[in-house]
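The two complexes that follow have subunit A in common; it is paired with subunit B in the first and with subunit C in the second.
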Partner chain A sequence: MNAREIYDPDNRWRLRHPAEKAVFAGGMLLLSVAAPSGVVLGVVLATVTATTLLLAAVSWRKFAGGMAAPFGFLLVGAIPVLVASGVNPDTQEAEWRLDVAAAGHLVLRGLTATACLVSFATTTSLPEFLGLLRAIRCPEVLTEWMLLTYRFSQSLLLTVASAHLAQQLRLGLGSPRARVRAAGLLGANLLPRSFEKAKRLERGLECRGYDGQLRTLSPRRRVSWPVLGLVVAVQILLAAWAVAAGRGNL
Partner chain B sequence: MHIMEGYLPVTHAVGWGIASGTILTYCVWSVGRSLRSRPQDKFLLAASSAYMFTLSALKLPSLTGSCSHPTGVGLGAVLFGWRPMVVSGFIVLLFQALLLAHGGLTTLGANLFAMGIAGAWVARGVYSLARTARLPFRVATFLAAALGDLATYVVTAAQLAWAFPDPAGGFVASFTKFLGVFAITQVPLAVAEGLLTVLVMNALMAYDRRELETLGVVPQGGTA
Partner chain C sequence: MSEPILEARNVEYAYPGGIVGLAGVTLAVDAGEKLALLGANGCGKTTLLLSLCGVLKPRSGEVRLSGRLVEYTRAGLRNLRQRVGTLLQDADDQLFAGSIYEDVSFGPLNLGCTEAETRQRVEQALAAMELTDLGDRPPYRLSGGQKKRTALAGVAAMKPAVILLDEPTANLDPHASTDLLALLDQMHGQGTTIVFSTHDVDLAYAWADRIAVLDGGRVSACGSPEEIFGDGQAVRGSGLRTPWVLDVVNALQPSALWPSELRPPRTPAALVKQLAAMRIENVR
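Moving on to the complex of A and B:
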């Protein structure tokens, strides 16, 4: 993993089967986008946040870091929904009004859904997720492509960091013009370097009898059926509450 | 630029998911078949996806529940064609959601349609047209990357306008509103992406011309 990933390697769920985490986050995500009630959304948000921070013991810095940027985008993105404008077809006059309820609901829904995504991303590493995809028989071409992309992106990010440092040490970032030029050179040289690494890896694998498949061992973990049952039961209760309130469309 | 998690209503999320999922399934099948005869291309495609992931992680907020960044789709579409770029776009968007909480899983279908499908189609189409019209290789590359990038943002604006039509002006007013706000960041970004793509192509021509010849981007032994 690299420093930009929000996965927390010290979380208490790191040894849990990824299917349990996927069902928890996925179910809550479905509830958050489908339940129109603000109260249900609030309960889902509180449940996901408390579970991730208290039970999974994800670092609050990682969690808040994952939520910060999407939250900012959501707030700004609610502005076009908050300000409804147009031409009145009856009077042919321009008019505008504030739709606080719609914008507020949109922000709450986005925040709740983002919390579900961050919960999964902070507790599940990408290799674990790829293992889960293999288990559900996702096409091999796709999982191998993902695995290679992940490995190459790690290497590429290291190249970016070292090239950036080299540019800085050669005073290549001294002025705005130099910074633009440095960024252009860096971007332009990344892909050829990435291709070179890809070809070296391919040659190395060919020498080891590569037949088009990348087989890897992954740790075997058992699904805890009681935990899975509890998660599903809580989600069914929340869904039933939303429906019973007469506002759900689940 | 991606639509954030939870931003789209559930019906829109499902609809875009089905539309993009169908095209993605075809592309995975098609690319998988060609990789059986040329397995070495898998590494180049993955390297290109990793490059796209690195590029598209450079985020700029925009006033539309979204954010902006170079996509790298134009470059990939010129090098590999549109089908691999659909798969590549899917992987990049999934990684962004799962590694950086950028974009989302419920908006993955809509984002893939805008970036991986519409962006790649436009980029490849513009490149083919420009080459048919005998425009220089660098001009064709610039146009493909810049217009592919713009197409992504126009489609995203349409998706958002469809999901949130203006109560008074309907789809058209909302589309104009979203499009106008996008233009502030997207037009300069599209030009920047076009220029960056030309720089990358120059670097590839200088250091890795044989690869471009193998991919059929430039003629064997000739000039572009």
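Moving on to the complex of A and C:
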């Protein structure tokens, strides 16, 4: 039984240096935030999606799963832009209008930015990301806190899954009333069980010389400068196009 | 006679609420041996192992490492853990990092190894446990057997002189158990002393050089597997049974199918070999 996470462990970029993936996703994210034209946004979205699905071979289910919830929020958030209402200062009458272009542009921009983040999340595991943060001298307390949160969230999800299964096997979810009771019991027991788990983990780490600091080393990976150069070159071209398109609009 | 590498003298431990974990355990572990702590559930096996590795501080009595009293100070415990590695029953209690490689590097870094030495140790340990290709995997994505091997790699990378294993084959399928025991045999062959707790009498009888039977927080008997199971006295009343290999031999003896002067084998393979040899003898 595995806890859910967005990272696809079978992606083709799993052995690439995380800096390459960060430059790709980060550069594209900057473009998606700054590009003035919808066409440029569309090209960035297509590039990120195609690269992630075809070159990195991320499972489309993982990618779509990562995009689904943010897309839902984007749609809900675009409604106030789509339907603009107010009082006409000349006639002093209430009026409303549909601004499909503005709402569409907002959704496209949000979708493109989300695709960049999902691309990074599906191709980069948390340990790699933490290694990157350590390399750029992120405070250790933050990286350790992130690591433990990650470890405990996985462990907590597994505990929830096994407790849920145990309830299901004893007909604990047979009726709405039973479901509410089961959820209450699960919630009430989760904290003591997590505490117990934390205590056992601390004991396990103590056996391995834990002294309050979680020191670890990541596998060595080399940055591929040709790949990094290609990524940056593509991004510069897209940025130049975006600037030209922006001037054309003006 | 050489000094024991690890020793418990009159160790007593009680859990909160007055529950007795150990009630005066005295036990010496000799360098290079495979010692089994055998006993039913709740007899104090895990408590003894945790006391031997310094996680639990005895209420009274003492733990000695190579004859020197273990000090429960930072430096004392560091010295103890440098020489005594521990594998807990549930590997999940020992694995915390995001990837196997990172997890295995944790112990050597705690010992103060340099980055180069740590990498060398990690790579050696992963290769020995046949985990090199899984180095990037997060531990929670592994099977039970792989988790156990990862936890053992984490211990092996610290290069301890003694390894304490709490129910090493618990929750493992027969194939994974055999693999794990082969890895432990390999470490033992390189000079590592092994102390393991188990309630599996067949495993203790077949694999250990010496067995200490625990009952009610005390060592009730200690000796070679043949001595412990010879007449069944040592395990009677402690919730244990005799190994099935011995049961077969004991069933054959009354009908003279197994000569009483013949030493009973310790493994199923040895039993089959012996029976085949006896059959050939009878045919002749």
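Quick notes on this one:
In this text, the second predicted complex is superposed on the first by the 232 of 250 C-alpha atoms of A that agree within 3 Å, B and C clash if a C-alpha of one lies under 4 Å from a C-alpha of the other, contacts with A are read in each partner's own complex, and residues count from 1 in each chain.
One rule holds for everything that comes next: a residue touches a chain if its C-beta (ideal position, glycine included) is under 8 Å from a C-beta of that chain, and two chains touch if they have at least 3 such contacts.
Nothing here was measured: the structure is a model prediction, and the numbers come from that model.
Of the two partner chains placed by the overlay, neither subunit B nor subunit C lies in contact with A:R61.
Looking at the shared chain after the overlay, A:L130 reaches subunit C, while subunit B stays out of its contact range. In the superposition on chain A, A:P192 makes contact with subunit B only, not with subunit C. Of the two partner chains, neither subunit B nor subunit C is touched by A:R12.
When the two structures are aligned on the shared chain, A:P70 is found in touch with subunit B, with no touch to subunit C.
Within the superposed three-chain model, A:R170 lies out of touch with both subunit B and subunit C [touch as defined at top]. In the superposition on chain A, A:R220 contacts subunit C only, with no contact to subunit B. In the superposed model, B is the one of subunit B and subunit C that contacts more residues of subunit A. By the touch criterion defined above, A:G209 reaches subunit C but does not reach subunit B. In the superposition on chain A, contact is made by A:Y150 with both subunit B and subunit C.
Residues 126, 148, 150-151, 155, 201, 210 of subunit A contact both subunit B in one complex and subunit C in the other.
Within the complex, the subunit C residues that touch subunit A are 50, 53, 55, 74, 78, 81-82, 85-86, 88, 90, 92-99, 101-103, 105-107, 109-111, 115, 118-119, 122, 135-138, 140-141, 154-155, 158.
The touching residues of subunit B, counted against subunit A in their complex, run 4-10, 13, 28, 31-32, 35-36, 39-40, 42-51, 53-55, 57, 59, 61-67, 75, 87-88, 91-92, 94-95, 97-102, 104-106, 160, 164, 166-170, 173-174, 177-178, 181, 195-196, 199-200, 202-204, 207-208, 211.
Of all residues in subunit A, those touching subunit C in their complex are 2-3, 9, 14-15, 125-127, 130, 147-148, 150-151, 154-155, 158, 200-201, 203-211, 214-220. Considering their complex, residues 4-7, 26, 29, 32-34, 66-67, 69-70, 72-74, 76-81, 84-89, 95, 97, 99, 106, 109-114, 116-118, 120-121, 124, 126, 129, 139, 141-142, 144-146, 148-153, 155-157, 160, 184-185, 187-192, 194-199, 201-202, 210, 212, 249 of subunit A touch subunit B.
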